[in-house]
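The structures come next, written out as structure tokens.
Next come two complexes, and both contain subunit A; in the first it sits with subunit B, in the second with subunit C.
Moving on to the complex of A and B:
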């Protein structure tokens, strides 16, 4: 591999690692709090991209505002999912997961009916030009994702460790009963977790919209990757998810560059199986998956 | 209790009789639907067998696909007859199941569920990746038909239907016997409480493997039946969506009793055919049905049966069944 290709691939790895991390932290957070496993997480990502399509490509709002608009929209969808699906099925992970698999179908059909199938949506790239790093050209739109992810992840860390509400969320993840005894409302915490999960999936989709084919089925492939990340990271561990996201980002990008995209996912799964065999709790998990 | 047993036997015989005369009264298109229905019954019931240990998987349709590919490859490249490739396909899928269950056993409950999704995807992608021998994304075509055996031409729908019916009945009988045997009880005890099961000498890992491998075998048989009827298979027909349809059948029918998944497949096949004019909206309907059942009727349609029995007078029998230890099996989900 030439140096230029290597640098290019490294940069792309960091970009995909950032996207995986932004998508997966929500999944890990929701799973940590009352074991909400969201199959429709990939569809949240998809709808985030459609928010950018509607506000930026159709309505002509600035790209930055369109991305910001995705946050409350998809967070609201997360809250709704929590209220209508996860709360009635609380205490049964599989039931919640299967019900959200039904939600996946509903959202895919609705997106297909509203915005049409067939041709992918053309979203003009808001930031033209490319950065030149050691001879490798990396599109600015892709570079932009990295600081955005750093800000988002930093904000989440700050929220979970320094803000009272976020500490409540962590307490609830550690021991719901003890947290409830301390006066933390479980219902409030599950809502909050799903709201955050939705917001992060939505904003990741929004950032990806100009450089990804926007179709109702774009969330499907990402979902498997996101779950692999969460399993490798240790199911409920957010730090583990971020670490695993970057490892998976590197694996996927390098294998795709050297071989092809199909092999990349296969190597990712093999990596997961390997981690499960040598360390069943995942990289940073405490309990068995 | 004896009366209950006699009634069940009469019911099963009547059902088989109906299934035997049904194809002569419907159009050929519906005979094809009935063939697929029977294949799906094998799939759903074998899925339930694995699920009785508490291991819900997301790779059962992929295992059926492995059986389809194995049988198709053997028939196409070695020219072996169907009655040889089908059991061999089952055996091949057993080996595949043994291979993938090793990392899967490291996980329980939801971890198992989601890991099986990823592992299944690995198998499916390998069909896409390796053009030789699997044919890549476009799959395999010209899979040999079962052909003419003696005076019967299995290319025709009705003879193939009866062959499928016979194989389905044999499979269901074996699965029923396993479900009722000591092994089947051990599976359920693992679901109830794996630590307790281990403490009375049940090797939990071995029994979970056993359930998974038996389920894999029958999925392989179902795959072989499917491949030789369709004549062409591709990786797309074993995708995750099909797996979620399988979940819908098992959830709608219920998983606590042996009959539950069969009821689920029957009802959902009817609904599937009725919604054919609304093709684009179909996943939305099925999504709503899935959510509705999980929230409002987690026991599935089978949970209605005791209620009906109670309504129509047979109160005592229903109560006796509920009080009998192990009689009121709770739904797995």
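Moving on to the complex of A and C:
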């Protein structure tokens, strides 16, 4: 591999890792607090991209504001999903998973009905230009994703470790009964976790909108990646999910560059299988979450 | 009366775990529930705390009926429980565990005073504030769980098997601390398999067997009762 290609691939890996991390932390957090897996998480990402399509490409709002708008919009969708699906099925992992699988199809069909199928949406690139690193051209729109992810992940870390409400989420993930005895409302914590999960998936989709094919099905592959990331990271571990996201980012990008995208997914899954064999709890998983 | 449990029955998946249990707790008392494993002691405490709800009967705390309230409302009303097996948050520090005990509080100043109070009872917690709770010994975790419960400044403290799995010396240490906490005017309901310890601390006791109360009375009467001696005090 030539140096230029290598640098380019490295940069793309970091960008992919940033997106995987931003999407996966929400899935891991929600799983940790609820012990339920959200199949519609990829559609939260997809709808985040459509928020940018509507507000930025159609309505002409500044890109930055359109990305911000995705946060409350998809957070609200996360809250609704918690209230209407996860709360009634609490404790029944399969019911929650299947019901959100249903939600996946509903959201995909709705997006197709409203905005059309087939063609991807044209979203003009708000930040033109490219950074030149060792001869490799890296588009600013891509570069932008990295600091955005760092800020978002840093904010989540601060919230979970320095704010009492966020610590309540961790307490709830570690022992819901003991948390309830401290006056921590399980319902409030599951709502909060799903709100954050929605916000993070939504903002990731929004950031990706100008450099990704925006279609109703764009969340599908990412959901599989996010599940692999969360499993490799150790199910409920946020830190593990971030670490695994960047590892997967490198694996996918390098294998795609050298071979092709299908091989990349195969290698990613093989990597997951390998981790599960050598460390069944995942990279940073705990024996009993 | 501070706590009045009136004739409650609790079902787990249609099987009744406790039947027609009534318990009265006056302010300032230590009341103990003794009985063997599976007698329904833990279920009774979990029901008072709101983790379970009775199918029949009522629970009154001060002037409020609490048997259908969620646990966070019951905590807010002034009841804190130290659960069986301590149940500290293993991947949080000692300081964070204590903070969780005060989750609903907004009176920071009074909270800091209560924190000092907790450190007075459990000096070891003060020196271990940054340690992960899961890496502490059983006795230390018991102290942390009790400190955590005290951080909500509860009117009523429910202790579920505080001596479980502890060395005899640590048991005595915990017993002394329970006495200290009580002498500050805190009302305590103590669930114990170690009936000798429990009846030494309490003023009043209830004996549970397979989900029923089979005996109740003053602690000293129970200590002298032939049945209790034979079944729970080792002759």
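Convention: the second predicted complex is superposed on the first by the 287 of 289 C-alpha atoms of A that agree within 3 Å, B and C clash if a C-alpha of one lies under 4 Å from a C-alpha of the other, contacts with A are read in each partner's own complex, and residues count from 1 in each chain.
In this text, contacts are C-beta pairs under 8 Å (C-beta built on N, C-alpha and C of every residue); 3 or more make two chains touch, one makes a residue touch a chain.
Predicted model only: the values in this text are computed from it and were never measured.
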| item | value |
| --- | --- |
| Contacts of A:85 with subunit B and subunit C, given as first, second, both or neither | first |
| Which of subunit B and subunit C A:106 touches, first, second, both or neither | first |
| First, second, both or neither for A:181, with subunit B first and subunit C second | second |
| Touching partner for A:167 - first (subunit B), second (subunit C), both, neither | second |
| Contacts on subunit A seen with subunit B and repeated with subunit C across the two complexes | none |
| Interfacial residue positions of subunit C with respect to subunit A in the complex | 49-51, 70-72, 75-76, 80-81, 83, 87-92, 96, 99-101, 103-104, 148-149, 152 |
| Residue ranges of subunit A in contact with subunit C within the complex | 164, 167-168, 170-171, 174-175, 177-185, 187, 286 |
| Sites on subunit B touched by subunit A in the complex | 56, 102-103, 106-111, 113-115, 117-119, 121-122, 125-126, 128-129, 240-241, 244, 247-248, 251, 280-281, 283-284, 286-291, 294-295, 298, 333 |
| Interfacial residue positions of subunit A with respect to subunit B in the complex | 35, 37, 85, 88-89, 92-95, 97-99, 101-106, 108-110, 112-113, 220, 224, 227-228, 231, 235, 260, 262-263, 265-266, 269-270, 272-273, 276-277, 280, 288-289 |
